[in-house]
Each structure stands twice: as C-alpha cells, then as structure tokens.
Amino acid sequence: MPTVNVELRNVTKRFGDFVAVDNVSLQIHEGEFFSLLGPSGCGKTTNLRMIAGFELPSEGEIYLKGHPVGQLPPFKRNVNTVFQNYALFPHMTVAENVGFGLEMKKLSKSEINQRVNETLDLVRLPNLGSRKPRQLSGGQQQRVALARAIVNRPDVLLLDEPLSALDLKLRKTMQFELKELQRQLGITFIFVTHDQEESMTMSDRIAVMDHGHVLQVGAPTDIYEQPNSRFVADFIGETNFLPCKVTGRENGLATVVVGDKIKLQAACEPNVAAGDEASLIIRPEKINIHTEQQSNGQNHTVLPGEIVEKVYIGTDTRFAVKLMDGSVVNVRHQNMSMNDPVTQVNNNETVFVSWQTAAARVLTS
Amino acid sequence: MGKRRSVYLSFLLGPGAFWLLMFFVIPSLLVVVYSFMERSSSGGVIWNFSLEAYTKLFAFDPDSLFVNDFVVIFLRSFWWAILTTVACLLIGYPLAFYIAQQKPFTRTVMLFMVMIPFWTNFLVRTYAWKFILNNNGLINTFLSELSLPRVPLINTPTAVLIGLVYGSLPFMVLPLYASIEKFDYTLVEAGQDLGANYFRIFTRVFLPLTMPGVAAGCILVFIPAVGQYVVPTILGGGKVSMLGNLLAQQFGAALNWPFGSAIAVIFMILLMAGVLIYFTVEREEEAI
Amino acid sequence: MTVQQAQEGSLSRPAVTDTHYPPQRAGSLLLTWGKRLLWVNMVFSFVFLYAPILVLVIFSFNNSRFAAKWEGFTFQWYGQLLTNEAIISAFWNSIIVAVSATLISTVLGTMTAIAMERFRFPFRKTYDGILYLPVIVPDIVMGISLLAFFALALDWINTALALPVDSALRPGLTTVIIAHVAFNISFVAIVVRTSLRDFNKALEEAAQDLGANEWITFRRITLPLIMPGILGGALLAFTLSLDDFVITFFTTGPGGTTLPIDVFSRIRRSISPEINAISTLMLLMSIVLVMASQSLQRRRD
C-alpha cells in the first residue's frame, strides 16, 4: 500500500449558493504525479486552492501527511504552488523570487544563496538570478515559478494549469521536463488541467471532475479504456456513442440491442442490469474495417455497414459508417499501405466493421 | 481568523472614518441643524427652533414680479454653470477629438499642455484674466495708448463667464479625451460600409460611444461652477454675485448663519437632485 | 482646489497608444472644412489657455509699478518677494499645511482604501458613498460647514476648559490642516483604490504560499507594488492642499495665512507686478508637479 500524502475527506466548498466542490473524497499518494482533469468550472481549481489554503472548505477535512490542515492559512502549510500566470513578484529579481520562501523560513543568507543557485541550475536557468521577471521569456518565467516552489522542498507541489500560457511546442517540452523533474525530486505533484492529452502524458493517476464531483479516479489507461461514465468517455479522447437497451448480462458481458435490429455483446460496469436504457461506447481506433465479410470469430463483433464519409488525414483515414439501424460510427483506419483495399473504398460502398467484444462498453450513467 | 480580520478592519477603517465623521459628516449635519435655528447677530445661532431662514429665502418680493433677490442668485448661478458647461463642451469636444487624432508625440505634448493649467493654481489663472480685463489692465492700457476710450470689462457678467470657462476647460477636455482615445475607429469604417455618411456616423456611432466622457466632463465642470466663489469675487467684483458670494456673505459680514445654512441646504438638495436625475436618465439610456 | 480634481488619478493618465488612427480618407469638401475647423478650434483653445498665463509671466519682468504697460526688463519684483515677510511667512505656512495634510491624509486614505478593497463589512456601500461626498460637494459648502463646526467646537472646548480670552483656542493652521485632511482622505483613497484594484491578487497568494503571513505579505509584496499609486495620491493631496483657497479661507484664523489667502487679498485690491511674480513662481511649481505626476504615471504603467 503506498503512503497517503494528501487526503480530501468529504470536502464541500460553497460560494454563496453555488457549490463549487461537492462532497469530494480523494487520496493522493506519496511521490505521485496526480492530475485533476475537467472542463472549466468543474471545481478542479477550487480543490487545488483548498489544498493550498487559499480557500477554506465549507465542510469536510483535508489531511496533509495525516494531519488535518483544512483550516490553516496558506503560510502554515508545507505546500507550494505554481500559479497559472506564474505570479512572479515583479519588483524582485529572479533570485529574490526563488529565495523568498527560504527567507520566510529564516534560513541564513549563504544557505539561501546556495539553494537558490542549485535550484536555478536544476530548472536550467543558471546565471539569470539577477534579472527581473519581465526581462524573461514565458518559458523562462515558467521555470522561475517552478524553482520558486520546489526550492522549499514542499510535501506537495500544486500546479494550476502552469503550461496554459505557453505555445504548443514549448508546452510539449515543458511537459517532458516537468515529468522528469518530478521523477528526480520524488515530490508529490498535483496538476490541474483541462487538457486531457496533457494529463494523460504526464500523470500516474487522474481524477476526472465535472460539476464539483469526482467522476473517476485511475491510471490514464483505466480512464481511457474503462471509462465509468459517458462524461468521462466523451471528455477523454474520441468515442462513438450508440444508444441501446440492455436485454441481459452474463460473465461480465451485457447483451444489448442497438436500434431494434442489431443485437450484440459488450463489456459493462457491475451496475448495469437488464432493462436499462444505456449507451454503447466504442473508440474509433478500436474498430476494424473490412471490404469482405469476415468469419464471425470468437469474441468478435462484426456488423455490415455503408460508407457515408471518408476523410484522408495522413496517418489515418477516417470513415463514417452507417450501420443497419441507421446509426453512424466513426472509424479510424491506420494507413499502413496504400495497397490496402480499405483505403480504396468510396462513399456508398458496403463494408464490414468489427471489434473485439470487450472493446465496446455499456454505460448507464 | 474572523476575529483577527475584524481587528485589522477596525484598525484600517477606524482613523479615516473617525476623521470623516468628525470633520465632514457632523459639520454637514450641523449646517442642516443651524438652518432651523434663530439668528444670533454676533455670529453663530441662538438655539431656538425657527423657520425664519427658509421663509426669508422663499419670501415674496413685491418689487419683483415672481422672485426675490436670493432666488435670482440661485437661478443665475445655475444658468451660468449651464452656459459654462455648454461652452466647455463646444470647445473641449473638438479639441479632445483633434488631440486624439495626432501622432503619439504631438498627442503627448498637447495633453501635457492641457494638463499644466489643470494643475495650476486656480487663483493664479483667475488673476490672469483680471490682469487683462482690469480698468488699468492690459486691454485698457493698450486702448489708452492708442488714445481710445477705455471700456468697462471687469466686474461684468462677461468677465465672470470668461473666468468660469477658462477655469473649467481642462476638466472637460481630459475626461473627453480619455473616452475618445478609447474609441475603435473600425466602427467608423463599419458605419461607412453600411452606407452612413459622416454626419450620421458622428451622431449615431461616435457620440453615443463617447458619452461617458461627456457625462464625466459635464459633472466635473458643472458642480464646481455653480458653487464658484473665487471667479465672481475677483472678476465680478462682488457686484455680479453667485451662490458662493451669497454664502460667504451670510457667514461673513452679514452674520446670518441660519440663513447661510438654509441657502447651503437648498443648494445641496438642488445639486444632488440634479446629479441623481442625470444619472437616472443616463442609466435608462444605457438600458435602451 | 476643486471638486473637479476628483478623478484626477484617472484623468491625468491618458495612455498614449498608436492604435486608433482614424482612417485617412481623401476628402469630400465637408471633411476638408471639418478638419480646418478642428485645427482652428485647437489653435484657439491653446491661445485661450496660454495667452493669459504668458502675459502674466512676461509682465512679471516689467519694470513699471503700473502693471500693464511695458517699460523694460527687471528682476526687482522677484527680489522684493524674497524680502517680503508677509509672503515668506505665508509661503512657509502653506508648506506646513500641505506637508502635514499630505502625510496624515496619505496614511489614512491608504488605510481606508485597503479596508474598502480587501474587506467586506456591514454598511460598506453606504460608507463608499460617504467617501465620495467630499469630492463632489462644492468646496464653498464644505468651507462654511467647517467654519460653523470649528466655531462651535472651539467655543465648547474653551468654555469647558475655562480658558481665558487671551489663551483661548482659535482657528488657525491646525484647523486648516484638519480641514485639508478631511477632503484629501477621499482623494487619496480613490487613487490608491484604483491601484489596489489593478493589483494581481495571485501575488499575495504566492507570498502566503511561500510562508509569508498577512503582515509580511503586505509589507514585502502589496505595499511596494501599490507605492506608485500611494505616491500619486500623496502628490494629488499635496497639490490640492497647496492650491486650496476656499476651504482655507473659511477655516483659518489669526496667524494662519497661507500663500493663496495672502495672494487672494492682494488680488482683490488690484493688479500689481508683485502678484505677477508670485503667480509666475506658482506656475513654475505647478509645472514641476505635473512632471512629477507624469513620471509617476510612467512608473505605474
């Protein structure tokens, strides 16, 4: 069992009538890279601000290394934050910014100097200590903000969309560097983002939030492969949704009817029962497309359909395929070779789509 | 935490609030109280309730058809303040517009030139006109050099109005400039694109969008103008008096404090009502 | 000193940007004439604003007791000012009043601004309104109400302490300073509130996040960053106090003659080359003050 570093127990935060965070419980492990992911206004930033101490929870308690800290002011928590727009002190030099936290801890001048320099080296900004923040580029400011936080060796480092102000290329580099830094330091990172790709790339675990609730917590593969709700399936990656009705379940597989013609099996959550109105979800890249009827093999679902749209996008070709009941599924077909007969099919031609039975999931919520 | 915050709050708010209460709110209320007291001929009041001050202010004067001298001064003060505001607007709006069109350097210089009078002592600026208009002033000295007859310029309504406009102009130009400068000229192109001529664009696009500046400028000019004391005293010689002179007189030589207080009370009521109506109309227009 | 300077904080900082040029259009007759009229209006306005002041400055060097006829160049009026005890003492009184009023009102106004921007409390809206009133109320009304108030208050104190007539408290420099603080608090508070509102609150959070408590956060982060705003407010207060005539006129007493009071009594009598010289010096002082405020402005941006 990994050590729990930060825990939120039944935490609720209200602003007047508005419930920003609704009865959230989370455990974040020592040394983990943990992401809070969700659309804007989902409560992820409020969660982070409560851990930092900028907001006090209306109900519930927050534990840091087992101690309740929910009502402590920010300056009494060994937690540091990298702010969205960095919040570097404009009237201080880079070194003064980075040394501020150590100065507050009343460390000696020489020790502050030494640690500031070490940390600036670590974020690869040596020799910039005497500059003012506004003389630095966005990426450099980002690194100073990071240095200013990690120099204090916090129990947890909180990052509030720290990469959102950077351009795409720089963002990719910084993602890699952040992850690398976290591995080196072994500090717990809690990372707030609305960018699902960013959180997938970097995180050990992700909590997906919406409307103040945590919908699912898990490793990126769990979240992607086994979403527990339509929201999660939709928010992370691309998904086909087919409305369906559950007619039975056995061995962890549900039998569903899509439209009134197509009967098939799919993986399902334990709470799915016969008679439920549900959605069948299947990722476009998990669907194979064939020009000829395949043998209806074990654990495979095969359905006939008609191409209604075809878009060539380089790595893949995207097809929209209309099934017998009229519903349309999107399919991504990797362009392995231009001799592949699938790349030659045109609109209105009949094809067959297939997927592993367990790759499709039935969701009721 | 809550308790600590309220200690901070009282520490921060207390001294300033005390000062304003003692030396602004209470004195203002005192004037209201004084206006209902009896006059003491040595200054101050006798602490007996009386409506004498108000009856004097609104008394019917058989010599004039409708109004007594005091009401005339009220009307004159408001009328002149309106004239001043309109004059400042007519000069100030085109000036602000012109400045906003200049290249950055020219613009900075011109703004600086508007700002210097803005910060210059009001007495000095009023005196400058006395120097020009006085009977032994610049114009009359010049006229007598040419052996022309002197003309009476000082102590006339014209002199007072010139002084009022001169004193107020920068206060009109600066807020106007601030709102004109923010104007997005692509809207003019959009207007032309939609077939509006220059006149239409000005009245339908430019003017409405710079209205906040006009409003701010008018208020900054109007209110101080109604209550002017320095200009009518120096350029009007006390012969052409405004409310400021009347107030000063009642609290000074005339030693009728209740009457002076009543004038101040009515004056403030009219002013506040005016401002309130102005803002209500403004807000309704905004709502439309 | 006028009600108008209310919004000086914002008025005196029109940003000069290069973005909003009106489209240049080759012109219809109307447009050409419109532009000419604008130009004429501009020239007229600046002549109107500056001619009187320039005339004053020129004639302050005029070698003639009879002010308005040019008789040659001299510095004698400036020389006379330096030996005129009434003017020198009025000048120092003005400085004493302006410096004290500025110090007190800057501290109180800044504290008020912080309370208004950073705290929620009952009757905050009402207090907000009261805070704006000294800016809006015409100075003559504030002047007479303070006259009435001080007369009554000093009378009560003198009676209560049974002070003999020759050592009784009278209006003077102290009452003038009190009055100036009363209107300046509002002006300072307005200017400082603007800079507090522009202030990025994440900076305060960052400081607390790094272990600074509220007081250290204020001293190390907030105060240095709003300092240009505070200095701007102080400069405004200083100018208003130095220039104020009306409120001083009603709240001063024996020994409390400030420069504007002295100048006013001279102006009322007549025009004279000495007044021209004083005016020129006061004008110079204003130019210095505008420059100071402009450079502060640049620092604020």
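Here the chain labels run A, B and C in written order, and each chain numbers its own residues starting at 1.
Keep in mind that, in the parts below, a residue touches a chain if its C-beta (ideal position, glycine included) is under 8 Å from a C-beta of that chain, and two chains touch if they have at least 3 such contacts.
Worth saying up front: this structure is predicted, and the values here are computed from it rather than measured.
Engineer: Computing the C-alpha centre of each chain, which chain sits at the greatest distance from chain C?
Structural biologist: Chain A.
Engineer: Report the most central chain, judged by the distance from each chain's C-alpha mean to the global C-alpha mean.
Structural biologist: C
Engineer: Distance-wise, how many Å sit between the C-alpha centres of chain B and chain C, to the nearest whole number?
Structural biologist: Computed value for the inter-centroid distance: 16 Å.
Engineer: Take the average of all CA coordinates in chain A, do the same for chain B, and state the distance between these two points in whole angstrom.
Structural biologist: Taking the average C-alpha coordinate of chain A and of chain B, the gap between them is 61 Å.
Engineer: Approximately how many whole Å separate the CA-defined centres of chain A and chain C?
Structural biologist: 57
Engineer: Can you list every residue of chain B that touches 2 or more other chains, as numbers and ranges?
Structural biologist: Answer for chain B, listing residues that touch two or more other chains: there are none.
Engineer: Where in chain C do residues touch two or more of the other chains?
Structural biologist: As it turns out, chain C has residues touching two or more other chains at 214.
Engineer: For chain A, what residues touch not just one other chain but two or more?
Structural biologist: As it turns out, chain A has residues touching two or more other chains at 73.
Engineer: Of all residues in chain C, which touch chain B in the complex?
Structural biologist: Where chain C meets chain B, its residues are 1-8, 10-12, 14-18, 20-23, 28, 30-31, 34, 37-39, 41-42, 44-46, 48-50, 52-53, 55-56, 59, 66-69, 107-109, 111-112, 114-115, 119, 121, 127, 130-131, 133-134, 136-142, 144-149, 151-152, 155, 178-179, 181-183, 185-186, 189, 214, 239, 242-243, 245-246, 250, 260, 263-264, 267-268, 270-271, 275-276, 279, 282-283, 286-287, 289-290, 293-294.
Engineer: List the residues on chain C that touch chain A in their complex, please.
Structural biologist: It is residues 200, 202-203, 205-214, 216, 220-221, 224-225 of chain C that touch chain A.
Engineer: For chain B, which residues count as touching chain C in their complex?
Structural biologist: On the chain B side, the touching residues are 5, 8-9, 11-13, 15-17, 19-20, 23-28, 30-31, 34, 43-44, 91-92, 94-95, 97-101, 104, 107-108, 110-132, 134, 136-138, 140-142, 145, 166, 168-171, 173-175, 177-178, 181-185, 188-189, 198, 216, 220-221, 223-224, 226-230, 233-234, 243-244, 247-248, 251, 257, 260-261, 264, 267-268, 271, 275.
Engineer: Across the complex, what residues on chain A touch chain C?
Structural biologist: Touching chain C: residues 52-54, 73-75, 79-81, 83-85, 87-91, 100-101, 104-105, 148-149, 152 of chain A.
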